[in-house]
Every structure is written in C-alpha cells, then in structure tokens.
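Quick one: the structure is below, and I'll ask about it shortly.
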Amino acid sequence: MIRFLTDLIGVILISSSMFVFASSVLGIYRFRYVLNRMHSAALCETLGMMLLVSGLTFLLGISWHSAKMILIVVFLWMASPVASHLIARAEVLTHAHITDELEVVDDERHI
Amino acid sequence: MKQFIVELINDRFMIAAVLLFGLGFMNLLLQKNLIKKIIGFNVMDSSIFLFLASQGYINGRIAPIITNGVFDAEVYINPIPSGLVLTGIVVSVSVTAFFLALTVRLYGIYKTVDFDEIMLLINKEAE
Amino acid sequence: MLPYYYNIPAVSILLCMISGISIPLLSSGRRAYRLTLFVSATVTLLSALLMYKVIPLNEYFTYMMGHFPAPWGNELSAGPLEAMMGFIFGLVMFLSLLGGSMTLFHDILPGKQKFYFTMMNMLMAALLAMTYTNDLFTGYVFIEISTIAACAIVVARDTPKTIGSTIRYLAISLLGSGLFLIGVVLLYCITGHLLMPNIQTQVLRLVSTGLYTVPLTVVAGLLFVGIAIKSALFPFGAWLPMAHGGATTTSSAVLSGLVLKGYIVMLIKIFYRVFTIDVIRDLNVTNIMFACGLAGMIYGSIEAFREEHIKRMLAHSSMAQIGYIFMGIGLDVNLGVAAAFLQIMVHAFVKPLLFLCAGRLSEVYDHEKSSYRLRGSAHKDWVAGIGFTIGAMSMVGIPLLGGFAAKFYLVTSAMMNPAKLWPALITLMISAVMNALYYMPEVIAIWTRCELCTPNPVESNLGFDLISAPLLASGVIFLGLNGYTMIQVIQRGLALL
Amino acid sequence: MNIETNFFKRLNDWVNGEADRLFPELHETDAPKPPEPVATIGPLPNKDVLFLTSYQAVALIVVIGMVSILLYTVYKLPLFGVADNPAVNEVVERYVEKGLEETGAVNVVAGMILDYRAFDTLGESSVLLLAITSVMMLLLKDEKNTDPDEELIEAHEAVIEDHNRDMILQTMTIILMPAIMLYGIYVILNGHLSPGGGFSGGAILGAGLILFASGFGHNRVKKFFNMKTFRTLTTIALLGYGVLKTYSFLLGANHLPTGIPLGTPGAIFSSGLIFVLDICVGLIVACTMYGFFSVFSRGEI
Amino acid sequence: MNVIYELILIVFLFVCAIGAFLSERLLIAVVIFMSYSLVMSVIWALLQSPDLAITEAAVGAGVSGILFFITLKRIHALKGTKDE
C-alpha cells in the first residue's frame, strides 16, 4: 500500500514536471523578448528539475542514487539562477532602447 | 520493405554519423562565415567519433569498468573505440582553438569574418 | 636484449618531442635555435648509424612502444627505407635551419621565436613518427600534429597575407585529416585491428574470401584522397602556392622539401604494409593516382610558367614534382615506386636548396621577390647563384644531377607498362620542356649583369655559404651520380616493407 | 506571400529570432528590420562570381557523392550492436580479461590509453601544447596585432568591469569554486578507477579557473596563476609525461621490467604509472584550457 | 524502447546541426552548437561510454563553447546586428 502511494506521488510529481517543462518550452517559443524567454527557461531549470528529481526519488526510494540526484538539484539551483541573472544583466546593460521593452526601468543603472 | 526499415533503424547511429559527416563537410567547404566553418569542422569530427563509438557498442553489455570482479569479455563492450575517441576529442578541440585564433587575427586585419571577402581583399592587395 | 640500434627510431622521435616540450623553459630564441640545430644534427647522426647497420644486412624490424607486443600496444617499424628517410629529414631540417637563419630572425618577432622552434621540433617528431609508425591511429595523431605545426610555421611570419593563406591551408588540411580518420575508422570496423601487419593479414583474408570488398575499396580511396589533399596532389592542391610562397624561407624549404614528402612516405607505407601493393592495384587506386599525377605535372608547370613571384613559382613547381611522384607510384610496376622514392629524395634536397638560394638572392635587392627584378643578383652572392643554378639544372634534368636520375628511372619504369607508356612519356616531355622554359630564364637573369640596379650590401651568412648550400648541392649531385645504387637499395627496401 | 508560405524560410527566420513567422497571426507588429550590412567590397567581377558558383556546385556534387558512397558502405558494414563483428577479437579479450592484471587500472579505457597505447596519448598531449603555443603565437600582444581603438575599448571595459563586479556571481563563485575544484581533482585522481581521468578532470579544473576569472577578473587570478606558473606547470607536467613514458617505452621494448609496483587493484594509489600520468595530463589540460581563455580574452596570461 | 529514445536524440542532433548552419546570427549558431555537444554527450552515455560523455560535456559543451563566445566578443558579433 505504501509502495503504491509513493509510486503514485512519484508519478504525479513527474507528470507535473512534464507540464512545467512543456509550458516553459511553449513560453520560450511564445515570448518575444529576451527577459521573458529567460524567465520561462529559468523556471524549467529550477521548478521542473526539482519536481522531476523528487518524483524520481519517490519512485526509487531512499538510496545513494537519490542522494546524488538531490545533490544535482542543489547545484543546479545554485548555478542556474546565477546564469539567468547574468543573462538578464547583460541584456539590461547592453540594450540601447530598453525602455521600449520594459515599462519600469530602474534609474540607478550604473553604466 | 519492412526488413529494409528494420535495417535502417538498426544502423541508425552509423547512418546518422554519415549524414552528419556530409553536413559538416559541406559546411566546412561551402560556408562563407569562418565561425560556421569551424562549427562545420566540429560537427564533422564528432560525427566520425559517433561512428567509431557506435562500432564499439554491443547490445546488452556494459561499460568496461571492472568493479565487481567479473573478467569475462562477454560482459563488457569494446573499450578500444572509447580510447580512440577520447584522443580525437582533444585533438579536435585543439584544432578548434587554433582556427578561432586565426579568425580573431583576420578579423583584426580585415574587419570581417566572411572568408570569400577576405580572400578577395588579399588578392586585391597582392595586385 | 635487442641490438642497440633497434632503439634509434624511438629515441629520435622522443628526443625531438622532449626537446620541443622543454623549449619554453629556455630563455631566448637563439638558445632554442641552437637546441633545435643540435637535435636535428643528432637525429641525422643517429639515422646515419641506423642506415649503416640496416642497409648492409637488409634488415626490417618492429619495435614495441611499451611492454605489449603487436596487436595490443603501439609499435614502430623500421628498415632501410625508413632509415634513409629519417636521415634525409634530419639532414635537410638541419641545413634549412642553418641556411635560413638570418631571414628567420628577421621575419619573426623576438618574443615569438621560441614558439617557432617548438613547432619545428614537433614537426620533426611528427615527420619521423609518420615515417616509422606501424600503427594507423598513431599515424593519424601525428598527421594532426604536423598539420598544426605546419600551419603555425607558415603563420609565424605574421603578415596579413600569411594569416589568410594559413586559414585556407588549415581548412583544407582538416578536410584531408577528416577523410583519413574516417578511412582508418572504417578499416578498424572491418578488420578489428590498428597495427599494420595485423590489418594486412585480415585484409588478405577478406580479399581471398570476397567479404567487404566495397568497404575495402572505399577505405583505400579515402586514405588516398586524405593524404593527397595534404600532399597537394593536383585537384586538391590549390592551397599550396599561397602557403608556401608567403612563409619565411626556412618554413617554405621545410614545408616543400619535407612535410609533403612525409605524408607520401606514409601513404606508400600504408599501401605496402596494410593493403599490399597487389591489392591496391586490383582496387584500381593506382590508375587514379596516375591520372592525378599527370594532370598535376601539367598544371603545376603551366602555373609556374605564368608566375612572376619567385617563391610562388617554386611552390607551383613543387606541385608538378608531387605529380611526378604520384605518377611513379601509379605506373603499376615496382621500379616505378622505387623511382618515385628516388624523386622524393632528390626533391627533398633540391627544393630547400632552391628556396634558400632564392631567399638569399632576393635579399640583394631588399627582399624583392619578383623574378625579373633579381637581375645580376648572383654576382653579389655567388654561392647562392651557383646553388640556384645547380638546383634549376637538376629540375630541368641535366645529366649527372639528381633530377635526371629520377626522371630517367621514371621513363624506364614507364617502358615496362605499355598501357601507360605513351601518356607518361608525353607528359614527362611536356613537363621537362616547361621546366626548362621557366627555370632557365631565371638562371640567365640572375647571372646577367645589371648596371642600373642598386644592390644592398649583403651580409655573409657563414652557415649558408659553407655548410648549407654546399651540402644540399652535393646531395643533389650525389644522388645524380649514384642513381643506380640508390634504386637498388630502394628496391630491396621496398621488398622488405 | 510566396516567402511566407516557404517552410524553410520561415524556419530560418524563426531560428534567427526574427519573429514567430511560423504563426504570423500571433503578432500584430513585426519586429523592426535590422539595418542592411554595409558591403566592404563592391559587386564581384564576373570571373569571380563564375568561379564561386562553379566551386559551390562542384563541392555540392562531391559531398553528395561521398555521402552516398559512405551510405552504401555502411549498408555493407557489420550490423550495429552485435557481438560477432570483426572489431571484437582477441585484442578486446585481452584488454578486458588481462587489463586489470597487466596495467592495474580498473577502468579499462584508462588502462588502454595510458599504458597499452600510451604513445598516442603522448602525441595527443603534445597536440594540446602545440595548440596553446600556436594560439599564443597569434594572439599574445605585440606590435603586430594591437589596434589602438581596440586597446582603448578594452581598457574602458576593464575599468568598468573592475568597478562593477557582480556580487551575486562573486558569492556563488566562492561557494561553487571549491566544489568544482574538488570534483575536478576527484575525477583526475580516480581516473584509473572510474570514468573520467586526466582529460575530463583537467577540463573541469580549467572551467573552474575560468569561472573564477570571470567572477573576480583576471588580475585576481594573476596573483596565483601567471605566465610563469603556466609555463612551468605545463612544461613540467608534459616533460614528466614524456620522460616517464620514454623510460617505460625503452625498458619495455628491451624486455626489461620497469620496477614500478602496480599496487592493489581498486585502491587509490594503484596502477603504477597510470596514476602519475593522469595527474600530468590533468595539469596540462587544466593549464591549457585556462590558457586558451586568457589568451583569447586578454592577449596575455 | 531504448531505440525510440535514441532515434529522438538523433533527430535532435540533426535539428541542432541544421539549425546551427542555417542561423544567421552567430551567437545563436554557437548556442545551438553547444546544445549539439550536449546531446552528443547524452548519446555517448547511452552507448555505454561514460568517459566520453564526461569529456564531451566538459570539453565540447563547456570549454569550446566559452572559446566560441570569447571569439564572438572579439569579432564584435554580440551586438545583435547580423554577422558583424
């Protein structure tokens, strides 16, 4: 019974991660501006991966493999937001007409 | 017909490698843009490596790392292609770096990365 | 224990590699230059010792690189031919470095001279390894080393033109090595070995059973085309004139004289030791070589005739000479291959001689390379003038010089194959006439006095005057006088492959 | 309208981020057209156009011919994934069955490239040295390859970067850098026990250094990794490789034992030379990768 | 079942290769090429060559991608105009 429950939870988590991936792919395709696209890509890397890996952990049970997968998620959560931040920063700093794209612009841009 | 398709699917890696080889070769020959020429070279090399690695694979066998004391050659895949490809990957990244360095220098001189234009400009200088 | 001289191939390759690696630790370009000279002289002496031991005994041996014999570990193999090629590579490298040293230090920035000599050492190691190797994949790795090193010694002069020609050279070379690699991969797939003797037994078994005939043909074609691209056979050789014409003198001499030959020696070795020459003839690869060789002879001669820049003219003439070599291999008789080998040796001496002398002569008029502006330069630098004359005469085919011997044996071997006799003879005639037409005006021009010209004061270069030019010229004359003996030795060596 | 219906054109546009032309009705306004690139040379002479066109046609025919020949060859080759193809022969058997005993390496691939076929690997490491040397030959700053305008721009950018370091990146670099370095060293040291080895571990180490350099600037890296360190490390590692292997080659060919113990299989200090060679290769690759980055971006190390 | 995954990955390879060659902006070409390398490393993991997978992920997708990016910066191709 418990086995069935954990499997069920795992399947639900994995399918929801699939939904997140699909919607973020749609978002990358659908949005036109870099920051919007980046937002949806970052979502798939963090939320989607977390859901996927926790689903797999439920399916596998507690073992070294699931510990490794959790470590992967930890490192991904450290690296991926930084990458997104850097992309956004580069875009904001180099885009000449950023006011055309964004409604709110921080006036304390340093450059 | 059915058997042909089965054979196609069975040889999928080799066919893909050959087609990618052709694609990379064509781009190395025909692309005007130097960066894309380099990408073409990389695609060509990695397709050859894909071909080689797929030749080493045997269905149902595992990577040749002897951790559980099984010394039977029937259990592991062919290790030779992996070793050769490892050598090849490093060679190809070295050549890529050299090629990119040449591109940077040429851009510094002619302010373009279009190979045909560069050749015409060089020929013009020679005249 | 092995006889001590069995270690010579491995020692000379590893010596070159280790000295190339350790050059960054040296303090200046001059020291790196001296180390390179020392290494190439050592390689020459070692190869001479190997020749002295191997040729009289007519011995062929394989040498394990490591603890594991043939199908498991890397191997080298050497015999009379390899020893001779190693000797010629070492000697010509030494003489080119010595003869071109002044232009070298003039052309390359002081901060980058060390890098240049690293490249030279590695190029030497790659040439030796390509000659001695008994393993196809080692051959591929060293082909890549020689590609990078050759491109780098072209680009060392660092003018816009050399960079442009280098990128073309590199792109086309990469096509060549890609084709070579896929050939090796296919061969591995159908035979399961990488060592040449093991592949040979498998290939002979495949031929006798009729299995995998198509892949075998494709492999032979791919290996041939890959190496033909690298050694600038006619339809694939468009990169050569720009690359060789623009480089500094030593680089041109080494590239034209040695690097192209290294690839061809490796191709011959592959044909003999992997496929056996009979299988190659059955697969019709030699016919393609023959046709490409003939076309290359005509094309190279015509282009050289139209060219005014003296170094590019020499480079075009190299293309024609490569055509001679491939024609000799394509003649389908064993004497033809031997004659092609003799041509390789002669050309390895003649082309560096011509390049070095042309470099010296153009210094007389302020590095002016147009051939009609070199009038009277030989009177200012008569060593270079005599050297150039000897080289040109050998190219044209005056008797008693090396070029004549090579051409004579090419004609003799063409006589043995009636099917290919007339095309070969006619093309040889045309090419010889064209050679005379573009070399002789040059020779006459450099010896004609010119009152109006204002020559520069020429710094004497003792290394060139006393060692480099005389030795290269005497090499040409030696090969011309001893053509018959050389052919005998080469034929015995080929029989051992 | 014709262009709109052309699938490849639309795919091309979409790949280029022009607009979502696959479904044009999704967007009311088109993105502004980028300005036309300024041609640096005028219209080509007829001779050149003819040459280029014929060159392209010939190249296309050659490529198509080659691909079809190769496809036919593949059709004739042994099948994929079967055990009785010619490549599986006594060589493979010996590598797998005796590899651990003869080389001491649990990972057969590492044992193969660093012991059975070590000459290839020596050549390959030399290719790395050649590549970094030739890149330095081309891109190190000297009087021939400096452009005053570029210099000015680079100096400007350097000043901006130094005063405007990204805090998030720096903090994460401090957290991640030890993990990356540890992982790289682990991969190198475990080359004979698990997948990986000198090449991959060295590349990971190099990537860690590159991350540090992009977070904190080259000047911080220079304090512990400058041209002199680079040169010494690369040369000594490669020389170590060359000398050790020369020793082993010469003794092996003359049928003498090397006298290097192989150790217990599976222990970290085992497999004799392979362990040392992996470290050498890792150092070379790490230095070379960082060297590429530094020379490309700054013209110096 | 594995075959289907492998076929999907092969199709990915082709899409990446063709996309890299078709795209006119060099930045996009390089990014697509990096994803090509990544797919290649997954394929190598499937072909039971973990050494190759690690090396390709570190060298092909990591370091050579960085080299491409720096080159693009040096040739001023990151400004958003086409090919320049």
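For reference, chains read A, B, C, D and E in written order, and residue numbers begin at 1 within each chain.
Everything that follows uses one rule, which is that a contact is a pair of C-beta atoms (placed from the backbone, for glycine too) under 8 Å apart; a residue touches a chain by one contact, two chains touch by 3 or more.
Quick caveat: nothing in here was measured; it's all calculated off a predicted structure.
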item: Least hop count linking chain D to chain E through chains in contact; value: 1
item: Farthest chain relative to chain E (centres taken as mean CA coordinates); value: C
item: Relative to chain A, chain with the most remote C-alpha centre; value: C
item: Between B-E and C-D, the pair with more C-beta contacts; value: C-D
item: Between chain B and chain C, centroid-to-centroid distance (C-alpha), Å; value: 29
item: CA centroid of chain A to CA centroid of chain C, Å; value: 58
item: Between chain A and chain B, centroid-to-centroid distance (C-alpha), Å; value: 31
item: Multi-chain contact sites of chain A, meaning residues that touch two or more partners; value: none
item: Of all residues in chain B, the ones touching two or more other chains; value: 12-13, 19, 21, 25, 29, 54-57, 61, 63, 65, 80-82, 84, 86-87, 89-91, 93-95, 97-98, 100, 102-105, 110, 112
item: Shared-contact residues (touching 2 or more other chains) in chain D; value: 70, 77, 85, 87-88, 91, 95, 107, 109, 117, 120, 123-124, 127, 130-131, 134, 138, 145, 195, 199, 292, 296
item: Touching residues (chain side chain B, partner chain E) in the complex; value: 9, 12-13, 16, 19-20, 23-24, 27, 31, 33, 35-36, 38-40, 42-43, 46, 49-50, 53-54, 56-57, 61-63, 65, 77, 81-82, 85-86, 89-90, 93, 96-97, 100, 103-104, 107, 112-114
item: Complex interface listing, chain D residues touching chain B; value: 40-41, 44, 48, 52, 56, 59-60, 62-64, 66-67, 70-71, 74-75, 77, 79-83, 85, 87-88, 91-93, 95-97, 99-100, 106-109, 112-113, 117, 120-121, 123-124, 127-128, 130-132, 134-135, 138-139, 145, 147, 150, 194-195, 199, 266, 285, 292, 295-296
item: Residue ranges of chain B touching chain D (in the complex, touch as defined); value: 7, 10-15, 18-19, 21-22, 25-26, 29-30, 54-59, 61, 63-67, 71-74, 76, 78-84, 86-87, 89-91, 93-95, 97-98, 100-102, 104-105, 108, 110-112, 116-117, 120-121, 124
item: Chain B-facing residues of chain C, complex; value: 137, 141, 144, 147-148, 151-152, 155, 160-161, 163-168, 170-171, 174-175, 178, 181-182, 185, 188-189, 194
item: Chain D residues within the chain C interface of the complex; value: 69-70, 72-73, 76-78, 85-91, 94-95, 102, 115-120, 122-124, 126-127, 129-131, 133-134, 136-138, 140, 142-145, 231-232, 234-235, 238-239, 242-243, 246, 248-250, 252-255, 258
